[in-house]
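Below is one structure. I have some questions about it.
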Amino acid sequence: MITAVQKPFEEIYRMVEASGKLLILGCGTCVTVCMAGGEKEVGILASTLRLACRERGSSLEIEEATIERQCDREFFDPVKAQVLGADAVLSMACGVGVQFCSELFEGKRVLPALNTRFYGTTVQQGLWSERCAGCGTCVLDRFGGVCPVARCAKSLLNGPCGGAQDGKCEVDKEIDCGWQLIYDRMSALGLLDSLMEIQPVKDWSTGRDGGPGRIRRQDVEL
Amino acid sequence: MKEGNGLKAGSNLERVFQAGHFAVTAELGPPKSAEVEVVHTKAGYLKGVVDAVNITDNQTAIVRMSSLAAGLLAMREGLEPVIQITCRDRNRIAIQSDVLGAYALGVRNILCLSGDHQKFGNHPSCKNVYDLDSVQLIGMLKEMRDDKRFLCGEEIRNGKNAPLAEPRIFIGGAANPFGDPFPVRVIRLAKKVRAGADFIQTQCIYDMERFEEWMRQVRERGLHEQVKIMAGLTPLKSVGMAQYMRDNVAGLRIPDQVLERLSKAQDKAAEGIKICVEQIQRLREIEGVAGVHIMAIEWEKRVAEIVEKAGLLPRPKV
Amino acid sequence: MEKKKIVAFCCENSSLKAAEALSDPSLLEAVEIVALPCLGKIEIGLVLKCLEKGHPGVLVLGCPLDNCQYLRGNYRAVKRVERVRQLLGEAGLDESRVRMDFLSSLDSHRLAEILQGIKRSEA
Amino acid sequence: MKERLCEVGLALCGCGGALFSAAEAGKVLAALKGAGVAVKQVLLSQSLCTAAGMEEAVSHLKDQGPAKLLFAGCSSSRRPGLLANMAARTCLSPGATYGVTLRPGAGALLHAAAILRGLKALAARPAFQTRLIHLEQRVLVVGSGPAGLQSARDLRALGYETVLVDQGVETASGSEGLPGGLILYNGSRLAALNGQLGSFKALLETPCGNRTVSCGAVVITCGAGGVGRFELVEGLLGSGSLTDGAGRPTGCTELYGLPIVPLAELAAFVGGLPRGKETLTVGLLLDLVLDEPVSSMEEALRLGRELQLRGPQRIERQVYLFCREVKVSSLPLQGLYDEAREAGVVFVQVEGRIGLEAEGRGVAVSCRDSVLSAELRVLCDCLGVSPLGLSLAADPVLAAGTGVAVDGLGQLQENNIHLFPELTNRPGVFVAGPGRGQYALPQALREARAAALAVHRLLAQKHLEVELANAQVDADKCALCLACVRSCPFKAMGVNREKAAAESYPEACRRCGLCAGECPARAIELPLHTDAALLALVD
């Protein structure tokens, strides 16, 4: 899933304080699962904003709604009137949802309430961790199912940097060294020999570096 | 510009190795400013004392004078530079371009590094590059030198009919015998050797036993015959510095005995240098260690003393 | 408009029983009691809603830690109240408007003290 | 079932708190009447919190058959489970009962006010559909150590089909019958426990492949690494079965099934043994754990000497001291050791397993004497064991597979007073023995019995009528984030794959609402405390 965290309250407040009528729009998919932008968080943010406005004497009318997904057109139907009636939309979706909502409603100001972080997994409730960097050329087959691009701070393809110690990354002691994980896994799989192969330079053009991504599949195109 | 004596690049460092001498290099940290004098002064301390100086590339991700520029300044002072290139700040385009430029300006040694993560530097919010990793960087330099081609496969020449003008670089890589996972360390060294490294500089060594174990594994694979291994050393100035390095420098181990010895000594600096000299003497006994690289952090003026006490002066003229 | 009271969310198994057993039930008039089966049910949004609706404050009264009949309800409530207070701080409100206390069903006297405190501060 | 005679019955408790006299009850009723409430049925019990008072109340209520019951008593009579128990026994759904706590000495008016609040709440409570949960009369006991065997034997005696799983020695056959109708899966482990109380599906990994055993309840009696410390032979629990145990146990023999007592109780116990034998053999057993403290050794040496020397007239005694290592490192201890030896105490240094076996009214200790390198079997009339007991960490695989939470020390069962001694966070799963704490053998056996009784309390009902007042999931809103599944303390939440949404199991759901509090999609409602109702309260 796509993970996100809420922006600092002050940043959100300054973003929306002059909006007049604001619709806070939640998203019921990834950001609900990562507890950042589901119906509950919409309610919490709305209440907090109302309290802050009252405290600071600004007048902001706040409505709340949550749809299944903000990355698909059809789900917006039930909230169309609400969006059109608002001066601005504070989207609690990931960056995709914010932009898509903005695209759908021309001339409407759509603001992000979240900072979109990464593709990750719920390690345990309250702890999410990155697994994929969306590079567009998956190499997981070569590394025992542990991605060096996403899980090594330097995306090193040919082994760990000198900084890894006790299985932890030099950048953050809370993060496992991706290469330690690769090594452990490959050794458990009996594939250590293949770590000797020199990995050629990577084609980054399939990812962010190749420009905005686009997939076209004619077989499924209508 | 070909060297006709079987040398790959013909640098002084390469010749010292080829002549079978125990090589000595030192590190020279460029200034955090455009102050030329700093390089001159440091170069002055090192001239005639070492076979080459290693110029760091924005070490610990703190902005300093560029490695190439500082290397040229050192060259003017009569020292042979080893230019560091990290993968952190430049992509394959920038690096190849820099290598051509460096060679054109007379640089013959390049040390290829992944680079410290920017998190520890003075611009932690920057975007990093890591287009290549250090193994791939070594491979790229070798390809440029030996195949006379850019990474994309194009020949290194200025036009169809122009002559091939490849950068002939003596290629270095780094190794950390103390990082984890330990078994991967030798694997990674072997990869660097296969990718084309001519010499290897290690992380600074304090834990001699682990280093010897690592060297044993290196010899087991015959790697010491394929690459010149230079043991890295950093003389300790004080107990505080030792503790700081132990606690804050990633991938570095300082055994308690070393700390203890230092803290008991009256003159910490002298003791630090003494330890370093002893280490050199012990390292010379280890089969496969082809030289030492002294990283005297902001302490370049004592390098001569260390090299002398280790009996490595004068440096050979080759 | 009628002046709103502090809302007291009470766990049915502990603080509500303490409230039922108050020797001076008139003290209960100081607050609006909302019974919850367990404080694990309390939601951040609900607490904020109370303040939004004009209640001057919220009391969250659960059972002593490790004494929750539902094992973890009060631990979760502690975390949620922490977040509410953080949100209040961010919104510029006095964090102490939301308070949490742990009462067993026998702690009527402590509840009485809390309620008397509220009465005094209102007077 | 009897026709309901009146709508709401009021049960007033007149227990130790002395809330009510008949006169006071009259005043309360008058006050209620004054408030315009006529309660048709009043029961005034002397002590609802005692068994006798309970029986009286139940029979009375069964006769009168109110549709709803309001229970008013002091806080001690409002202990957990009492109300549910009364509801079950008077054929009322749990939702049709409500309890009010009365404060001693508060006076009739205040009592009436509290009762009024209760009546209001009871009236406001919606009626729920119920579901009949079948309770399978089969029990899975995990671990066949002393505690496991004790539980299993008791359950057999109570008429339950009992399946024992033990990781112990692998035998060729997957399961084997034990005397007494027990089924034992040896060399096997409980890998997963699916389903809910009443109809668990236990997945067993046995030497002959995986087996699924369906059972109504589970008793876990083992910890990690407990295998091999002890071996109790089937006959151990020979005396004193539960079937005739309606009355209180009269002594250690009956209570434990075997004359095994803590060292501290040994002297008194020996004194109370029936006379008439020529020789009385007393065993002292040390090292239930690896690290027996010196103090246990000291106590055993003193006790051994004392028992050996000061026997009653004309009865000869022989004291055996079994231990893994004779720890006499200090001088005073050496002295004690010498004295015990001189008095005639026989020391047996044990290695490996210690076998305990019932024989007659005594217990036979079989072990390997490491000094003689020979197997030994000593028949003891009674056995004193060191007060320190086994304490084992939970087997993490077992804990994960069954969903039973562990405490801060890594032992089964959370540190919560409402669970002690035998309950776990997972309804229908009970614990006993060293996996849940540190216990001396007699204690572990006693708890194993408590666990068996708890199973009996549950399964004897044969069916459970469960109100569908459990947490309700709005499948359209549910994002399947699993927050509820992960956070439910009772493992009462799962995934309904057909609906592609989370689901709460009514038989396990305790209606605490923790899941609703966690749900980021606000997809979970507690029918008794809906969001709308809560909001209305604060509006």
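We call the chains A, B, C and D, going by the order they appear; numbering starts again at 1 in every chain.
The definition used in the following text is that contacts are C-beta pairs under 8 Å (C-beta built on N, C-alpha and C of every residue); 3 or more make two chains touch, one makes a residue touch a chain.
The model shown is predicted, which means the values in this text are computed figures rather than measured ones.
Asks: Higher C-beta contact count, C-D or A-D?
Replies: Looking at C-D and A-D side by side, C-D shows more C-beta contacts.
Asks: Sort the other chains by how far their Cα centres are from that of chain B and give me the top one.
Replies: Centre of mass proxy via C-alpha means gives D as farthest from chain B.
Asks: Taking each chain's centre as the average of its Cα atoms, which chain lies closest to the overall Cα centroid?
Replies: Closest to the centre of all protein C-alpha atoms: chain A.
Asks: Compute the distance, rounded to whole Å, between the mean C-alpha positions of chain C and chain D.
Replies: Chain C and chain D have C-alpha centres separated by 34 Å.
Asks: When the centre of a chain is set as the mean of its C-alpha atoms, what distance in Å lies between chain A and chain D?
Replies: So the centre of chain A lies 47 Å away from the centre of chain D.
Asks: Round to the nearest whole Å and give the separation of the Cα centres of chain B and chain D.
Replies: It comes to 68 Å between the two C-alpha centres.
Asks: Using mean CA coordinates as chain centres, what's the gap between chain B and chain C in Å?
Replies: The answer is 65 Å.
Asks: Among the residues of chain A, pick out those that touch two or more other chains and give their numbers.
Replies: Answer for chain A, listing residues that touch two or more other chains: 40, 43.
Asks: Hey, what residues on chain C touch two or more of the other chains?
Replies: 43, 45, 49
Asks: Where in chain B do residues touch at least two different other chains?
Replies: Answer for chain B, listing residues that touch two or more other chains: there are none.
Asks: Okay, what are all the chain pairs that touch?
Replies: A-B, A-C, A-D, C-D
Asks: Touching chain D in the complex: which residues of chain A?
Replies: Listed in rising order, the residues are 28-29, 32-35, 38-41, 43, 66, 122, 124-125.
Asks: Using the touch definition from the top, list the residues of chain B that touch chain A in their complex.
Replies: Residue list for chain B touching chain A: 87-88, 92, 114-117, 119-120, 128, 130-136, 139-140, 151, 174-176, 179-181, 183-184, 187-188, 190-191, 194-195, 203, 250-251.
Asks: Name, in rising order, each residue of chain A that touches chain C in their complex.
Replies: Where chain A meets chain C, its residues are 8-10, 40, 43-44, 47-52, 55-56.
Asks: Touching residues of chain D toward chain C in the complex: what are they?
Replies: Result: residues 75, 78, 80, 100-103, 106, 110, 113-114, 117, 405, 414-419, 425, 487, 489-490, 510-514, 516-518, 522, 526, 528-529, 531, 534-535, 537-539 of chain D touch chain C.
Asks: State the interface residues of chain C toward chain A in the complex, per the touch definition above.
Replies: 43-45, 48-49, 51-52, 87-88, 90-93
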